[in-house]
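By written order: A, B, C, D and E. Residues from 1 in each chain.
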Amino acid sequence: MIDSLYMPYLMRIEKITCEAPGVKTFMLKFVNEEDQNNFAFKAGQFGEYSVFGEGESTFCIASSPTRKGYIECTFRQSGKVTNALAGCEEGSVIGFRGPYGNIFPLDEWKGKNILFIAGGIALPPMRCVIWNALDTRENFKDITIVYGAKSVNDLVYKNELKEWEIRDDVRLVTTVDPGGETPDWKGEVGFVPSIVEKIAPSAENTVAVVCGPPVMIKFTFPVLAKLGFRDENVFTTLENRMKCGFGKCGHCNVGKVYVCKDGPVFTQAQLKELPDEY
Amino acid sequence: MNIERRLVRKDSLEKLFDILRQNKKTVFAPVMKNGKASFKPVGSFSSIAEDYIQTTQSSKEVIFPRVEKFLDYEKNGKEVSIKGFDYQSVTETVLWGVRPCDTIGFGTLNSIFNWDFKDEIFNARLSKTIILSFSCNKSDDYCFCTSVGGNPGSTAGSDILFTKLGADGDYLAEVVTEKGQAIVALASELFEKTESVEKEKFLANVPVKFNQEEIRKKLEKFFKSSQWVEQSLKCLGCGACAFVCPTCACFDIQDDAHGKIGSRMRCWDSCGYSQFTVHTSGHNPRSVQSQRWRQRIMHKFSYMPERLSVYGCTGCGRCSRACPADMNILEHLISIQEVKI
Amino acid sequence: MDDLRKRAKELIDTSAVKVVIGYEQGTGNKTRALFVENSEVADKLIFDSRCVQNLAAYVTKQEVKSKGKMAITATLPVMRAIIQLASEFQVNDDNLIVIGITPESKIIDFKNLEEVETYVHQFQIEIDARNREILDKLDKMTPSERWKFWIDELSPCFKCYACRAACPMCYCSRCTVDFNRPQWIPVSSNELGNLEWHFMRAMHLTGRCVDCDACANACPLAIPINLLTKKMIEDAKSDFGGYQPSLKGENLLSTFKPDDKENFIQ
Amino acid sequence: MAEFEPKIVAFVCNWCTYAGADLTGTSRIKYASNVRIVRFPCTGRIDYMLLLKAFDEGADGIIVSGCHPNDCHYTSGNFHARRRWMAFRSLCDFIGIDTRRIKFSWVSAAEGAKWADIVNTTVASVRELGPYDEYKKVAKKPVKEESHG
Amino acid sequence: MAKIGVFICHCGENISATVDCAKVAEVVGKYDGVAISLDYKYMCSDPGQNLIKKAIVEKGLTGVVVASCSPRMHEPTFRKACAEAGLNPYMCEMANLREHCSWVHEKGEATTQKAIDLVRTIVEKVKHNQSLDAIKVPVTKTALVIGGGIAGIQASLDIANSGHKVILIEKDPSIGGHMSQLSETFPTLDCSQCILTPRMVEVAQHPNITLYTYAELESIDGFIGNFKVKIRKKAKSIDEKICTGCGLCTTKCPNKKNPSEFNEGLGNRTAIYVPFPQAVPNKPVIDKALCTYYTKGKCKICEKFCPAHAIRFDQEDEIIEVPVGAIVLATGFAVKKTDFFPEYGYGRHPDIITGLQFERLASASGPTLGEIRRPSDGKIPETIVFVACAGSRDEAKGIPYCSKICCMYTAKHAMLYQHKVHGGKSYVFYMDIRAGGKMYDEFVRRAIEEDGVNYIRGRVSRVYEKNGKLIVKGADTLLGAMPVEIEADMVVLATAGVANEGAEELAQKLHVSYDPYHFFAEAHPKLKPVETNTAGIFLAGACQAPRDIPESVAMASGAAAKVAGLFSQDELTREPLIAVVNRQAPPVFSSCVGCFLCMSACPYHAIEKEEIKNRQGEVLKTVAKVNPGLCQGCGTCVAFCRTKSIDIQGYTHEEVYSEVMALLND
């Protein structure tokens, strides 16, 4: 008998990494090999992660589709399910449904520069596409990553940040909010939008990917516009509340759009068409 | 297939009911309680309500139950085993006494549950349900099916539509589908051949109140209208309208835990609830009632036609009857139609 | 009715309030809330015996409240609700004027909530005869019979929360049922979920319910949920000497007497 | 058939009844092992919803116990609790929950013997009443399949 | 990541005799989240504790469950051990296998199963526990003592002598209180003033004590260790710094006929006055209500005569704010006046007086210089009747309690009368003689046996005047309620001791509870007699109930010891098991709707209103806030909160819920 849409894959937590206070990354492997073989996803997609008995929670797949055999997710402890997830151990089995949603059009970005701008816990949805781009580095021109967090302690993926910093085929600019720096902090100090303005990347043949808290996005868009970025070339992801993940439950409906189906990746041009209900 | 027309004597309905029961079919039919008609599994013909314009709730619950279990799980240390939806548990069900504005709603639900991903649980229930509907011979001021493309004698969505021919008359049975024919086959002696009957004159008169196409077009430019705030001021933010609606299908997914074992299920939800869209961070994209009221109307009359090519309203008027604050959808739609932009 | 309209116009025209909440003719034979923000609209105001919706439910509604100072046409149950709300710091003389209405449709002008309280305190909260009879009938049943009665009555409940929405006392921005750590009340509208929801609601209304029947009137399924709160009112009478909404804010369940009844405690 | 062993959950305050039950232990007074104690700082903290939760999860009987009036460690938590219990009990009774299955008591830190007695009489009376099937039928708690062990 | 360590203790054989500890460890070890589960003979022993510490370090445990004896016994032990190994102590909980299981049940399967259930329950709780930090509050090492009677004096001196600052406030112009009015004290008959005055002077001169007389508490804010009090210093109309206390003004003041409070109305004083010669401070104040200048706008004679030019008619009340860490309430009591008693003529007859008035008559510093003379005509009374229990123990009068000191002072009064008026006849009407106390009963017996005081057991129904005599009508219950009638020259009523006027108001100001008679209530009748239910506020003396001098002094020293104990630490460390109202990100801020039912339920007045404002300063929301200094952690508020916005640390919703779930689901 066919399983319903709502049946999750059973996933085993292979590895848990603490990224920042309250932020963890799980590396998940399929319990059934067959599931693993049938599974494919693309950068930008998300899933429903569940702790049995606690419920489901929506977040992106944070690993790159170029890395096979596992998926990763990064989440911040904030609600009932994420708290339960945080209470899981390595080796525990959790549920995962997905992949759902649209993708970052990496194919269309071939031959272009990519500017990644992320704030706080919003790096995970971008990490997937960053690694995807880095793993297929030859397809793209300059890659720039601007990442900021409230404080040094709140920066996630610290190991990867180090790695990106060392690589010479990617430019990484990290920043922390004023007051969030430590004595040995070598990165920038300041809010993300002003840092973007300061480093002034060229809009020429460039796509920008912006993920972060609403206030950061709100102030970054005008900066990008000033730098000459066109709305169609500015991408972001929406974080609406979702339940099913595939356009039935009605929760993520914004205007005629189902964020779970038509998103979560949107260009700024698309967002401008949407009612302000996200 | 062509609609086949038969005559069923008024005394034969009970026989038909008994035959359905003998064939081990669960029959849901309207039953009166506390002055309200509602669909319930019925064991005897006599308990079926007769004199009602409309049940308080739509019959969608038979196919889209308010609580639907998706899976059972059992934990054992770090391991988990899960058991999916039990399709065997879906048995042949007869929906008896549905109004045409309900049956048409099943089509809408079908679109929602299958427009992209296919919801097999919904489909299993729908495919196992035989819909025996009854035309409306009376209506009230809340009815407006004719404004949204339906009519009191519409066969859309029915397997067999019965129309009572006069106050004490027999029934015209219009056999619409193969499922309907299978029922006829069970009790062929009850379905007599008939001359052409003009059923229209036995139907309730429901005047057309607005043009839904016009409304749809209007709504495209209506998002920022102040009407939403004005209309919704008296809305109390409950979910009565959504839960009685034959086409509302929003749901929530919840777990029910008992130590190592438990289950996951969906429960009805409503876009009218303030918590419906709230993020874990506390941010609420639709934080005030006017936004939620707008969502309800826009979804039914603008978004759904655009995305699913169906309207989300069958004109049954249930939401208006159920509303504790007298938010009358017909009144509001008319006023939207009348507003000049 | 003219008095009412006149008073409403006066309040609006003198900018004493921004909005007057009253009743208007609704659809069918229903009446419904009317929000008078300019004096022409005041002519739509009506009052008759059909006006039973408890308008006090609107004074805590953000969308209404944000308009500014409100006036409310208030029958006795509405006045009671207002006093209870005032005792819970939800309304005060600065944001609300009460236009009292007697059952004979006479207007009572109140200068402040204290006067409303004085008026309200002239009357005890009394269970009406029809419900009294049902309560008596239920009282005579065995607990098992009552259990069956309630499970059956509550089973159609699909948790639309119209009862909650219509209740002037259910103004919490986050209801217990929306609290999920832990999930005290099962989300699903099955027998248990319904039982616990209505049980909890009745407990939360104990000592606060003003017996306006708004919940039962709002229920689209006509479930007699007001019997639960009525019973609690009755028992509060026999166990604690009853209660009245009071500006002093001493709630039945948040206060106590050292010599409260305890014959059930071993 | 083995005799029915009811499941009893006891909600007690830390300062009187919990200590009283400790004294039962130190005095080596034996009582029925059907009871499981959950400790609270004060009876005032005991949320009545927890009592329903206990029934939801299959308890057959419940004991709620705290300090005698005027003995509350927090001066008045038990007075508040007492009012709440009154209301809770009325509502339970009205809704048809079997109040014979809910025992309220005051057990002080010195009443070790009383605690044993409360437990024993509760167990005996609930045993007589039998499993709380009426409630369990409504709670529909899923049953674990044997095959899973 | 939950990694719970479970440690099952055998407690020698105390647990293992009836519980199969190895099996419990084995079963529990399989539960999700349990990283290690083992059993050991004595968990509380050093090797036992080391097992736990080792596991914490090696396994990186996030929580510890010790299944052994009652947490009331060893919870601190194991929490300390966990803390030493680097685990937050509040991540350690105990399952009570001994008192609640092994000791009370027979050996067998069911007992072991119960042990498993109990441990599983606590394991689930610990999974939901949160690391908590002890609450530290700084302590302001200054005490406020309210009331300058013997209790306040004693408390002030004791606190000051232990090295801490004291602010003593007294509403009257001088400290001394009732004790300064007394003639002799029972049971030793030593002179009250002789023993009190040195103490008063000591207070005035003590470098650690700041004395404000003629001052009252205006308001109070804050909590234990951190109170902010406002004190109203009533205008004395003199410049205390300049005034030499020469007393010339009091002799010159033309407004002389004012009843003296100190002499209980048996003598007069001037409008500018020093209440009594030994007053501390010995400087006058002007009674604004009586002073001719203040009432009529003319006079200023005192100003004219004052050699130091210290009179200040324009002086106004001054309010000062001081931070204090603890407060001792020693506001004393009052006695009913004769006008309270219709049966004794509503105070109309001058020769029916109160016990306190008799003290003044008997006092060498009193209006009669210690001679017992009738107020009406100054004659020495030949027959005197003392009525004990005047008002006390009388339900009808609303004073059902015993005023405690009257039996003793009535005996003293009768004795003093007999000593001073040779051949005089004294009668004492009494209900019971309550002379519990060291040398007390002997004292009463002496009055009866050596001094010939006539004790009559019975109540006095009426006193009235007839032919210049006071007719005392009563009954002798020892003689079968035989009517007794005595022609007396003077009647002394041992009127009931009652709470001070304004005690209720003061209690409310301080959030201290009070009994039905408005005496302040102690936190626990047996174990916390000097504490109140508000942490940091203590009681001394008769403001809590009628008390005699030694008791008041003992209580004062007790309260002082409590204050000194509190002040011995720079920071107060409190268990973080307190209630917290949630706070969320904007725009929600908190799920609290501000109904404040919690406020009326909280026994400690620990719940405050907090206004959440936007940048423009507009109030967006008013929500509840728990003052961590006041909250004692009972959790009563938690069960009240409809929105579940208050939770109590250590017994959170999630913790107790998961306990119940785990208890009934394996």
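Basically, a residue touches a chain if its C-beta (ideal position, glycine included) is under 8 Å from a C-beta of that chain, and two chains touch if they have at least 3 such contacts.
Keep in mind the model is a prediction, meaning the values are calculated, not measured.
Asker: Give me the chains shared as neighbours by subunit A and subunit D.
Answerer: B, C, E
Asker: Centre-to-centre on C-alpha atoms, which chain is most distant from subunit A?
Answerer: The most remote chain is E.
Asker: Which chain pair shares more contacting C-beta pairs: A-B, or C-E?
Answerer: Between the two chain pairs, A-B has more contacting C-beta pairs.
Asker: Based on mean C-alpha positions, I'd like to know which chain lies farthest from subunit B.
Answerer: E
Asker: Please compute the C-alpha centroid of subunit B, do the same for subunit C, then give the distance between them in whole Å.
Answerer: Roughly 32 Å separates the two chain centres.
Asker: Please tell me the distance, in whole Å, between the geometric centres of subunit A and subunit C computed from their C-alpha atoms.
Answerer: 47
Asker: Where the CA atoms of subunit B average out and where those of subunit E average out, how many Å apart are those spots?
Answerer: From the centre of subunit B to the centre of subunit E is 69 Å.
Asker: Could you check subunit C for residues that touch two or more other chains and list them?
Answerer: As it turns out, subunit C has residues touching two or more other chains at 173-174, 181, 183-184, 190, 253-255.
Asker: Touching at least two other chains at once: which residues of subunit E meet that condition?
Answerer: As it turns out, subunit E has residues touching two or more other chains at 32, 588, 601, 640, 653, 657, 661, 664-665.
Asker: Mind pulling the subunit A residues that touch 2 or more other chains?
Answerer: 55, 79, 89, 92
Asker: Give the pairs of chains that touch; include all such pairs.
Answerer: A-B, A-C, A-E, B-C, B-D, B-E, C-D, C-E, D-E
Asker: Would you pull the subunit A residues touching subunit E in the complex into a rising list?
Answerer: That would be residues 16, 86-90, 92 of subunit A.
Asker: List the residues on subunit B that touch subunit C in their complex, please.
Answerer: Spelled out, the residues of subunit B in touch with subunit C are 33-36, 38, 56-57, 66-67, 140-142, 229, 232-234, 236-240, 242-244, 252, 254, 256, 265, 267-268, 270, 273-275, 288-290, 320-322, 324-326, 328, 330-331.
Asker: Flag every residue of subunit A that touches subunit C in the complex, lowest number first.
Answerer: 55, 79-80, 83
Asker: So in the complex, which bits of subunit B are touching subunit A?
Answerer: 70-71, 73, 75, 78-80, 82, 84-85, 87, 112-113, 115-121, 223, 249-257, 262, 264, 266, 269, 271, 276-281, 283, 285-286, 291, 295, 298-299, 302-303, 306-307
Asker: Quick check: in the complex, which residue numbers of subunit D touch subunit E?
Answerer: 5, 7, 9, 14, 18-19, 21-26, 28-33, 36-42, 44-48, 50, 53-54, 57-59, 70, 73-77, 80-81, 84, 116
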